[in-house]
Amino acid sequence: MLTKIVKSREFFLAVFIIIFAALITSVNPNFLTLENIADLLKSYTVLGIFALGVLLVLLSGGFDLSFTAIAQVAQYTVVYFFVEYEVDNVFFAIIATMVIGSLLGFVNGFVIYYYRITAIIVTIATNSIYIGFLYVVTGGDLLYDIPESFSFLSDTKIFPMLNESGAEVGICVGTGFWFLLCIALHLFIKHTVLGRSILGIGGNQLSAKRAGFNIRRTTIFIYTFVGALAGFASLIQCAVFQSVVPNSMVGHEMDVIAAVVLGGAAVTGGRGNVLGTFLGVLLFAVLSNGLTLMKISPFYYQIFTGAVILLSVSVNALQELHRRHSQIRVQVREDK
Amino acid sequence: MFIQAQQITKQYGGVTALDHVDFDVEKGEIHGLVGVNGCGKSTLMKIIAGAEQPTSGKILIDGVQKPPYDPAQAMHYGIGIIYQDLSLFPNFSVFENICMTKILSSGQKIIRSGKYRAGVLEVLEEMGIELDLDAELGDLPIARQQLVAITRALFNRSRLVILDEPTTALTGSEISHLFGILRRLKEKGVSFVFITHKIRELKEVCDRITVFRDGHHVCTRRNNDSLNIAEIEEAMLGHSLTYKDYPSNAKDEVLLEVEHLSKKNNFRDISLTLHKGEILGIAGQLGSGRTELAKALFGAEPPDEGSVMVEGQKADVSSISSSVKAGFAYVPEDRLALGLVLAQSIRRNATICSLKKLSNFAGYLNLKRYKGLAKELLSELLVKYGKISDPISSLSGGNQQKIVIAKWLAVNPKILILDSPTVGIDVGAKSSIYDTVHKKAAEGMGFIFISDELPELLSNCDRIAVMSHGRISAVRPAKSLSAEELQALITKQED
Amino acid sequence: MTQANNSFKMPRVIRENLVILVLMVLVFLLMWALNGNAFISAGNLSSMAYQVPILGLLSLGMMVAMLSGGINLSIIATANFNGIMIAVLIRAMAGDDMMSAPGTVIALALLGAMVCTLLTGVINGLFISLLKIPDILVTLGTMSIIGGLNVALTGGYTISDFPQAVLALGNSTVLGIPSALLIFIFGAAVASYFLNRTCFGHQLYMMGSNPQATRYSNVSLVKVTVQQYLLSSFFSVLTSLVMIGQLNSVKADYAASYLLVSILAGFLGNVNPFGGFGKVAGTVIAVIILQFISSGLNLMGVDSFLITAMWGLIILVVVIAKGELPRIKKMLGLNGKA
């Protein structure tokens, strides 16, 4: 049991994060303050929530490149109309973004299921449709007037503490939602029929069909759910940045997918978990923050990201090759 | 009588897969169902399991006629089917694999599987086996996965379990273990339909045997001492298959010398020789290491140690390309997955091995010679085809297999390894393949011929090596051997 | 096919691409109708001739990767990388004043950049084939690394003072034909040659449909995959030459939006996204169709973002059309002949 934990991807990631955090702290002791950690988590909350959606898609053996576009559309629409009609209620806004996100995600799920076409092509297409129309309709204008109540997500602290200078520090509500979603999604995947059917489809689609899993409902659910999560995340994003920029998230799909893959999810489906994904995002956060604190040029950050992705998938691949190599094919009779 | 299928007809478009067939299974019976590929046996089983609906005909369960039903309803009636691929989830635990169908049919949203645990343990006890319920299924060997599938069927309260070719991936001892379990369950009143193309296994475990051919029910026989294997074979093929007596072409010159070849978890200490023009048979159960040995010589799964000499020269079998260079060629057992690229054209499949020969140093392909070669190969092996640019999936199994052999003959290998080359193909194609083998042997080509069909080995080979548990346990001249003696050699070593 | 078909035989290129050829003509006529004679004016035709090569070359590179059922995400980063390497190498050899660099330096720089770019193809191919990592992940990684290198090498700035000789490659005319178009034609010929007339091409198609069976036919998957990505990155080299000429500069993130369109072109041109099937002619025709659409819409003054949205819509329409076509045929009773 212990060896299984030690050999697991999550353990490896956790150790890596701790070592790296220790390294950064030794260079810059500011790293390990509550203030810095809370800030770091806040700025990675959006990516973390996106990652949960992507995890679900990858578990089912699918792919999604459109969630950032969905987020942009949901965000823009909600902020625009909430300002226009002077509705300043963050809970309505959460519901509204999630509804818009679900609708846009549903389109993906519908087309992917009914036309049996590779998800990657469909979601690339919807990505450009959503973004294209967003620009056409809005003319690419930025929105700076964010309803005040939205800052509940980014500024309100869950367990506020005072630092030396008397300012409140602590985990913000948005990050709290992220953690909650992690736990909820973990339970959902492990203990509900719908959650298991996602893994079942990713593990073996034909078996899933024969066992009686509802593939249509599951497929459509996954993409709709990713859309809803993307919508929710987009609201936190605009609360954190206090602005709506139509291209602030689009183009970063691959960063999210990279974090999920780093967390041990297989793009071939069926393998991956919430803890791994969470740690994958955390590792990205620590790496980028560390590089900044260690005053390494941001130019190298992208190179670093790419190298981490290649390294982690290579480790996966080597493990798989080794496993296949050492498989027992024949019970060879020993010498007497 | 548990189930009776009466006058079942099934048509796909214009093709009749089943033509007014009758079939029944008694309570507590193991009923064998045989026939060559495409005879309709799998279609009938799918109909019984509710996965397909018959075009006409009726099905009676416990003497009551049932309206058309779906798989979920079939499960409710107590009918379970285990497909050849087992249809399990590699990423789920054993326990979850067993009770997932039941969870789904119970309509619950939140999984409460704890209450099923006792039931699963009960079934395992009934079967007389133990399984690590919390292990991940993908980590188990195929034989254990098969037991998981059977456990699942029984846990779903199946009174009839259909097993579609359950023994293909099992070793001899695993097969006898499986048969033990089947007999044990039979005593408790569970019925089985056992689909296979290996008649020896039917004889060992079944109460009755039914033969299908071309969508028709040919005969049903009780398995007793008077049952004649040859008669069943004849019923399967439509005529008796007589094996010709070929003259030996073996010469004195040694072509291949294998010494102390080993590969961990595959085979150990294999030594053999092959002469020019000789056909060396390899007999042995599946899982005896025969396919693994073939793949090792071909360089697809290189051996760990030992030496291979071809015509007195040390041969490098560390990769497919070096092994082919040394003179090896391999016709794999799994024709559809490894032998052919089904979606691509007949021509591409026939010429794939010769592309290097047909192109110059820069890779430029001589299209004229390329097209010519394809035609030449197909006519040499008497392949029947429509257009040469049609996908190879449009051909019959026999013609497909001829192309797999032809693509290798085109590069003139010194040693051709044939791994179960005649499984599931018609008699005409079979004898044409035998003729080709002997013609090439007369030209000096050496053959390693792996097969389950003992008469086939005895009629075609000069010598036969018997493999078991990854080792060669005996080598005998084929001429002095009878089928019974060979069978005894194979099974003796399995115990 | 019935025998009646043999008596009247269209050239194979036309027969195989009949649907999209008809589509091409229809789109052409539609755009002509919408724009009037402005669409067939010399100005518009020549502007199309200048624009089509960039998309076309990228699409060919993408198609080569799609033949094994994958996607080369790094293709555009690689194209930018090639351009940046040319600048870096010229500066390294001839100092900061690129304009006055001697011919030998320019030739060496072009060659050196090409070697570096092709090397990225080799790296992609090796990771994919040796470690058996899904191509999308490998090219995602290399896209990120090369993209980062591009930023690091340029500091995020635009480099624009290229010598005339380099610019001329993508922005001059030979006998009145734009050189970019000639490069595109050359690229299409190269792709067609490698895919249809070489050992490698045939092996690639086979590998795309069933890699294991292809391996068991004495084909080295490592060699074929490396060759495949070499060829794919060669198109990045050609693309970069055209881009430098037309944009007069290089930057880390030029042409990022072409990734989608190049996949669309392959898809529209009947490249099977699961691998094994796809022809140069189909892709080229698809690229021309897309160019007609974008030029036509541009002339009409349509917002460039609406054109982006159009690309996505076209993919969906093609997906749905391909899915519904058999059903429509069935409804009209046309399936009897098929």
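Quick notes on this one:
So that you can tell them apart, the chains are marked A, B and C in the order they are listed, and the count of residues begins at 1 in each.
Methods note: a contact is a pair of C-beta atoms (placed from the backbone, for glycine too) under 8 Å apart; a residue touches a chain by one contact, two chains touch by 3 or more.
Note that this is a predicted model, so its numbers are computed, not measured.
C-beta contact counts were set side by side for A-B and A-C; A-C has more. Placing every chain at the mean of its C-alpha atoms, the farthest one from chain A is found to be B. With centres defined as mean CA coordinates, chain B is found 45 Å away from chain A.
Note on chain placement: the centre of chain A and the centre of chain C lie 31 Å apart, centres being C-alpha means.
Shared interface positions of chain A, i.e. residues touching 2 or more other chains, are not present. Listing the residues of chain B that touch chain A in their complex gives 51, 71-72, 83, 85-92, 96, 100-101, 103-105, 108-111, 141, 171, 173, 264-268, 287-289, 292, 468-471.
Only residues 63, 111, 114-118, 120-122, 124-136, 140, 251, 254, 257-258, 261, 267-268, 297, 299-307, 309-310, 313-314, 316-318, 320-321 of chain A touch chain C when the two sit together in their complex. Residues 298, 300, 319-321, 324, 330, 332, 337-344, 348-349, 351-353, 355-356, 358-359, 362-365, 367, 387, 407, 411 of chain B are the ones that touch chain C when the two sit in their complex.
Within the complex formed with chain B, the chain A residues making contact are 191-194, 196, 199-200, 202-204, 206-208, 210-213, 270-271, 326-333. Residues 71, 73, 127, 131-134, 136-138, 140-149, 151-152, 155-156, 256, 260, 263-264, 267, 273-274, 303, 305-313, 315-316, 319-320, 322-323 of chain C touch chain A in their complex.
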